[in-house]
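Here the chain labels run A, B, C, D and E in written order, and each chain numbers its own residues starting at 1.
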Amino acid sequence: MMTANYVALATVIFFIGAAGVVVRRNPLIMLMSIELMWNAANLLFLAFARAWYNNAGHIFAFLVITVAAAEAAIGLAIVVVVFRSRTNVDVDEVAILKG
Amino acid sequence: MTAAFWILAVLLVASAIAVITASKPVYSVAGLLAHFFFLAITFFMLSAEFLAVIQLIVYSGAILMLFVFVIALLSSGVAPFALGPNRLPKIAAPAAAAVAVLLGFAGYAIAREPAITPRIVASYAGPVGAANVFGSVADFGRALFTTYLLPFEVTAFILMVAVIGVILLAGESTPYVPTRKRARIVERQVREAIVRAGEE
Amino acid sequence: MSITISHADWLAVLPLFIVGCGALIVLLVDLAWPKHAPRNVSLAIGIAVLIAAGAFAARTYGINHNAFGGGFILGGFAVIFEEIILLSSIVSLALFGALGRSDRIAGITALILWSTSGAMLMAGAANLMTIFLGLELLSLALYCLCGMAERKTSQESALKYLILSSTASGFLLFGMALLFGASGGVTLEGLAVPALAANPLYWLGGGFFLIGIAFKLSLMPFHMWSPDVYEGAPLPVTAFMSVVTKAGTLAVFARFAYSLPSSHNLLLPFFVIAGISMIGGNLAMLPQTDLKRLLAYSGIAQAGYIVAALAGATALGIRYALFYLAVYMFMNLGAFGVIALLSTDREEGAQLAVFSGLGRRRPALAAAMSFFLLALAGFPPTAGFLGKVLILSVNVNAGYAWLAALLVAGTAISLYAYFKIVRTMYERDMEAPPLPQSNAPLAYAGVLLCAVFVLALTFYPLTPSNVLPLAR
Amino acid sequence: MMLLVIWLLPLLGAIVNFAFGPQLKRSAGIIGSALVGVSLIATLAEWAPATTGAGATLGVRQHLFAWMPGFDFGLLLDPLSLIWTLIITGVGFLILLYSIGYMWSDEAIARFFAYMDLFVFAMLTLVLSDNFVGLLVGWGLVGLASYFLIGFWFFKPTAVAAARKAFVINVVGDVAIMFAIFIMFAKIGSLSFSAVFAHVPMLDGWLFWTCTFLFIGAAAKSAQIPLHTWLPDAMEGPTPVSALIHAATMVTAGVYLVARCWPLWNASHEAQLLVGTTGAVTALAAAVLGIAQWDIKRILAYSTMSQIGYMIMGVGVTAYQAGVAHFFAHAFFKACLFLGAGIVIHELADEQDIRRMGGMRARTPVAFWAMFAAVLAISGVPLFSGFFSKDQIIYGALAHGHPWMYAAGIVTAGITTFYMFRLFFVTFFGTYRGDLNPADVGVEHPEEPTSHEPQHGATHPPAWIMALPVAILGVFSVIAGYVMIGSNSPWSRFFRPVFGFEKLPPVAISEIWTSVIVLVCVAIGFAVAYWRYATPEALADAPARLRAETHRMPRVLVRLYYFDDLIDLIVVKPAQALGTFFGRLFDPMVIDGAVRGVVSLSDAAAERIRDWQDGLLRVYALVVVAGAMCFAIYYALQGAAR
Amino acid sequence: MVLVLIALPLLAGSLLLLLPQNDRRWSRSTGCIVAAITFVLPLAAGGSGSFSAHWLSRPFAASFDFAWNGVSLWLVLLLALCTFCAILATNMVQARTMIALLLLLEASMMGLFTARDVLLFALFWDVMLLPPFFALLWWGPERKTAWRFIIYNFSGGLLLLLATAAFGVLSGSTDVIGSTHQFAGAWAPWIFAGFAIAFAVKTPLWPLHTWMPATYADLPPPMVSVISAVQSKAGLYGFIVIALPFLRIAMIQWSALFVALALVSLLYGALIALTQSDIKRIVAYSSLSHLGLIVLAIFCFNAIAVQGAIAYIVAHGLFSASLFLILGYVEEREETRSIAHLGGLGKSNPKLAGAFTIAALAALGLPGLAGFVGEIVILTGVFRAGYFWPALIALVPIVLASAYMLRLLQDTINGPEVAALPKRRDLTVLEGLAVAPLLVALFVLGVYPAMIWR
């Protein structure tokens, strides 16, 4: 019974993260929302690991955290490079490529 | 047990919403920190002690600190965040509705209590924290370095890529000169300065 | 439940690690050089490493081995994909010889080698974990590579690619988690249990997993990122990305599709969006004036064709998907090669204005470009024609006639778009600015190699025979 | 072998004249006419074998080659084709001789003789072939030759238009014969005359249609009523052309065709009725039109139409011998008339309107006497050839049960006499009106004479070269009839093996009484003509009378029964209207419109896709999430359904 | 030996591209020699020569199978002759490029007519579209015609591709031209539809013809003479060699529709030709009408009609090639194509007028020339196959043909000399030589056509 609750909780957090990416215009908030999505997935992995008593979920969660770290690093580096020379940190400003 | 879950669930959702609705990025970082903390507690409930600790140390400790530094870097002397026309087309409202619909589905799928028949893989089950028990660090370590060695090796490459990538992206374009050589260059420059001073 | 890692397992993954460590060698050599290793040295080392990995991979063609407990399945399928990925990264490095900043070349070569190893991992991955890691290794390297050119648009493309791709990876992860929950294990083999069809987690998980895959293949609704990123990124990176990401993702999708029991209605939406992207991709090509953006949309359509070949999970389907992917690689890289030869370090020759009246000023290059465009349009003397015929016949056979019809309609529209470029090249009275004479022997060799293969494959179609089984 | 000589010599003449035309100049005429002469002699040599044998072995046969089973070619000379060959080569030779003089001053003389020889060769192909396809090939080539010759002075727009009209109507005839050939080939399987005529019953239901379509071909060629409009315009060509083609030979090809296919006509009564009626109607209508004309050649053209109407009526009512007899006689006196007219026109420097002639008796005596004999012959005055053959036809019509055709024949004989003598008196009697002001003779818009440049160093042709042929033809037009006198005349014995003997049942009015009635009509015709044009006071104020007659001429006759306007209205205008509609409107609008529609549709769709790609990162994210949403909903539904 | 037929022009064509742009002497002589060889070779080799190499085995067996016999022999000879004459007649500015294109066109169509494998046929079907497309691009006055040409024909090619794939999959092998394998199943009508539409676009048949007049009018004379003479026969050749033997059942079901379409194109082409003002478009619409007759012959399933069709294919090839070359000369001399401004050419250039007359007479089906033979045998076969009314209706365009052909002929060469037109020299020896073989062939086939059906 407990696993079902965890699945519901993870789905809710996942879609809050997705909404965050879509709604917010600040790139940092977007990156944080992406972190939220990934953590929701992590939670789901651990919930199912607990249900199946299979520690593959733990390993997967650990890997997700590593990759999230790398991705956050590169993400922030790109954000810094892009917005270093701009006045306001707004993703809608970054729209040269179109058509 | 379930009461704790519900409290944590409410707290988790609240902190997540706080992250995306905060007006200033610092508040959203705080929200995220709270979120990670509650997650760590949940992980403990799910008998994943190692992961809980990693969550606290790596995620909150390292990645969040990165965010704080960048926020500091970008906000110094810069106009407030997120001003300017909100150019998202009018579709935002229906998108939100869609999210709501899906949440409903998630609930529906859950309510039907999927027939998860746990197949006991690990032969042992025991209280949280005991050695060699499911979820313990020893068990985690053994799995990581025997069954899932290939993923572990690949993470090495991933981190390497992150490091090199960041340097290339954001690093200054001055070339890296080894220390001893640099010392000799400085000496030469000093000598030349003296000789030039001498001539004048 | 621990498995023993034998010598054969490491041999299976050897090409992967050769490429990974090769990147380190490049960096070390650059470090040892006084100022910066000259462009050709880093590229030469990189290409040498790739060729060595290619040789190792070719040696293991015959052996079928399930390494790392299902983590990496060595077999005809994996080797062919590795060869395709290695070949395209070799050509991309060759294109770097023609343009790009020379001070960062070592770092760029290393990143390209790492993304190649990530793609090779995806080629052989048979469990969710290896798929995820391969995908992320490939993508992370590409995020950085996209930002390498000095132009503002390249940084913008890197930002867009990162955020959108991470969101998609989020969906992929969520899907994997649900699949893990449904099947209890991470291996694709575990998903082959027919009883799973009754489990809603399996359906939702499969759905989210396919969303991640569809995003990476830039099929229609999830394609928004590719035109901007292809245009923003430096040319060799675009060339690399257009082939390698598709190759790796297709390998993963093929294993996933061929391992599912009754996969029809789980994959149906995927083939529907493949059909839509065939038509939409070709339509979107019509008004384009920038060649990289045009090739992006053409990539969307071509991805649709290859996915169409896999419809119905037939044995022949996988062979012709592989054949068409190989032909697509040569066509695409050839076209990018020609653009590279027309561009200088400062600005890239991807604008249509550069191509107007090319037939008169650079007849050889114009002929090569027309040949590649004809191949992309599926005109007869080229392997594109044969590839399309094979896909059509497989579709008709597998009962997906509606996909075949969409393919034909898409090809008709694509003809109109590709021939616009051919027309501007052979326009009569266009006076155009004089063109720089770029003297990168590597790039010329790359273009020539592609042209020879596109013509030869028409008459000697090498469709590999022992490609199955996949998930075991 | 001799057949090949007869057949191919004119072709040789044509090729030689065509290839070496410019060098030959006037000697081209000599070569051309000599070759036709040799061909004439060869025909005479073949007289004996051509008339021996009976039924299938009648005449001389010569197999050529075969295209396909059922399409084989060969030559056949039997009494019927012998008569036609004789006229073609005989009268042809005389006319060629005459045209040496006539075309003496024209610088394209070589080309003229090349075309004339080509015509003779084509006519021989038509007449000598032993199957329908050979006949059709001859039919087409004859049309081509007449097109070349009518349009010989191609710098004259009217000649060019007339040539095109003649050729198109001719093709209508070709096409009709083609359809008949389809029927015969489908039903009988072979196209040679012997095979077709041996299996006539096999045609059963289609017999009438075969005869009808064959007759449409004949009508087009012999200028019968619905398809006759090209003949008067064909007078644009040089006069010898009109003489040879539009009087003696080509226009009678229709009569030859019906005569050759007599077994078909014998078997189908309705076909006989059709052909007979058309012949009679044409004879009558053409005669009436003849009255209304003032151009000397157009009068002769309408008289030819009328006489051929007689012949068609003759063969139509299965009086084949009578029809062929009238053809035989008509060839001579009509050629003589045309050549005489040619001399007159030549004398008056191409003036063709009889109102501006008059008093030509003194200036062209040879023409006067020869034409006098011919006019008597054509009117059917006894002792002249026309009398015998025309009476046989008229009587034949009655004998075969067509009383009203009998009446039409008699009336036409009268009218023929009137307009022939009208022409004769106005042209040759009275004083020369050429130098008067054309208006007061009734000529509104005088046609300026065609300026075909006389050759520099204008040497004159030998005087006899034009006079001799006319004289010979005049003599023949008198004596030609004697061979047909009586019921067992040499003529009927000559044709007995071809058409077989047919005992005519006794009829209300005997043959002698028919001749008497015809003579009465002829006399009436002559009297009216004499009273209007030849009395001394008529001759005195001829100009005033002619002007009055021109104004009083009824419009329907002047506009030639509005036939030309009718054809123009029914056929030419709609075709052009349809053509312009399809060409200008339908093609570019409808079909191309559809393609342009598809192309613009795809461009519009492309624009839509481009609008969505507006560069905003969050829009892309939204599309990704929305797409994922649809996927998720589908899979959730699937999952829930399980 | 067959490969020489294809490889030689291909090689020569591509080698010529190395010569300087408007070199005329060298490129023309090599072009003529190559075209002459391709003409003599099949004759010397007698009835048949063949070559075959393995190509595909998996979804369906396909191989590079070339051979020629019967119909394709005549089309190969026609192609070689027309190319020879076209190369002789090329004296425009970029002669070398045009001659190279002509040779490449010949190579591709040689491949098409000798292919014994349906997939190979489809391959060459698309390749042969390239030379005219590039010719339209370089010489065509407006780009729109190049577009319309390539879109119409290539979409047809695509349908052909789909039908070939289905053909191969269902019958196991596409290397079948010459063998007999009937298609019955549910798929037969669809496969036939694919083939039929592709062939109808190429022929062209009525609703799909709008690309043809503009293309024929805009292409330079040497190229259009080969295209109108031979490429338009690819569709008919397809019907005879692929559709008739394999898809007979489906074809019989749909024959009523195609007979109707053939009749419509017959009348439609003739009527428009009556009122066109551009001389090239008159001949273009006339060939729409003539080809409609051949389609009618094919869809009567009568042996005689098909034999007539083959004769008429060769005849039409000859006279449309000579007509377009001659119109090219007229346009070259008078710089105008509208019939209203032309006239009186016969006076100053009699040789040109003579050649024009012979070609026009052959076109309108004068007995004694090649056109008539085809027409009469076809219509006899059509009538014998039971189609009475179509045979009768098909006669009307023959009458219209004489009307518009004479209008074209007389308005250009007869009539008084138009003062505005400059007086140009008559046909040069070279131009005469370019047209002579075609006219001689018209006479020979007109007098003795049995050699086609031997």
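Convention: a contact is a pair of C-beta atoms (placed from the backbone, for glycine too) under 8 Å apart; a residue touches a chain by one contact, two chains touch by 3 or more.
All values reported here derive from a predicted model rather than from experimental measurement.
Trainee: For chain A and chain E, which third chains touch each of them?
Mentor: C, D
Trainee: Based on mean C-alpha positions, I'd like to know which chain lies farthest from chain B.
Mentor: Result for max centroid distance from chain B is chain D.
Trainee: Select the chain whose centre, defined as the mean of its C-alpha atoms, is least distant from the mean of all protein C-alpha atoms.
Mentor: E
Trainee: Measuring centre to centre with CA averages, how many angstrom lie between chain C and chain E?
Mentor: Chain centroid spacing, chain C to chain E, equals 44 Å.
Trainee: Can you work out the whole-Å distance between the CA centroids of chain A and chain C?
Mentor: Spacing between the chain centres: roughly 26 Å.
Trainee: How big is the gap, in whole Å, between where the Cα atoms of chain C centre and where those of chain D centre?
Mentor: Using C-alpha averages as centres, the distance is 79 Å.
Trainee: Roughly how far is chain A from chain D, going centre to centre by Cα mean, in whole Å?
Mentor: Each chain reduced to its C-alpha mean, chain A and chain D end up 98 Å apart.
Trainee: Find every residue in chain D that makes contact with two or more other chains and list them.
Mentor: In chain D, residues 599, 610, 613, 615-619, 621-622, 625-626, 628, 632, 636, 639-640 touch at least two other chains, as defined above.
Trainee: Listing for chain C: what residues touch at least two other chains?
Mentor: Each of 1, 129, 133, 136, 140, 143-144, 147, 158-160, 163, 167, 181, 184, 198-201, 204, 227-228, 287, 416 in chain C touches at least two other chains.
Trainee: Two-or-more-chain contact residues of chain E, please, as numbers and ranges.
Mentor: Residues 151 of chain E touch two or more partner chains.
Trainee: Can you list the chain D residues touching chain E in their complex?
Mentor: 65-68, 71, 133, 136-141, 144, 147, 151, 154-155, 157, 160, 163-164, 167-168, 171-172, 174-175, 178-179, 181-183, 185-186, 575-576, 578-580, 582-583, 587-588, 591-592, 595, 599
Trainee: If we count contacts the way the header does, which residues on chain A are in touch with chain D in the complex?
Mentor: Contact set of chain A toward chain D: 18, 21-23, 25, 30, 91-92, 94-99.
Trainee: In their shared complex, at which residues does chain E touch chain C?
Mentor: Contact set of chain E toward chain C: 55-56, 58-60, 64, 119, 122-127, 130, 133-134, 137-138, 143, 146-147, 150-151, 154-155, 158-159, 161-162, 164-166, 168-169.
Trainee: Chain D touches which residues of chain C in the complex?
Mentor: 159-160, 163-164, 167-168, 171, 197-204, 206-208, 210-211, 214-215, 221-222, 224-225, 227-228, 265-266, 269, 280, 283-287, 413, 416
Trainee: Report the residues of chain A in contact with chain B in the complex, numbered from low to high.
Mentor: So the residues of chain A touching chain B come out as 1-9, 11-13, 15-20, 22-26, 28-29, 31-33, 35-36, 39, 42-43, 46-47, 49-56, 58-59, 61-63, 65-74, 76-81, 83, 87-90, 92-93.
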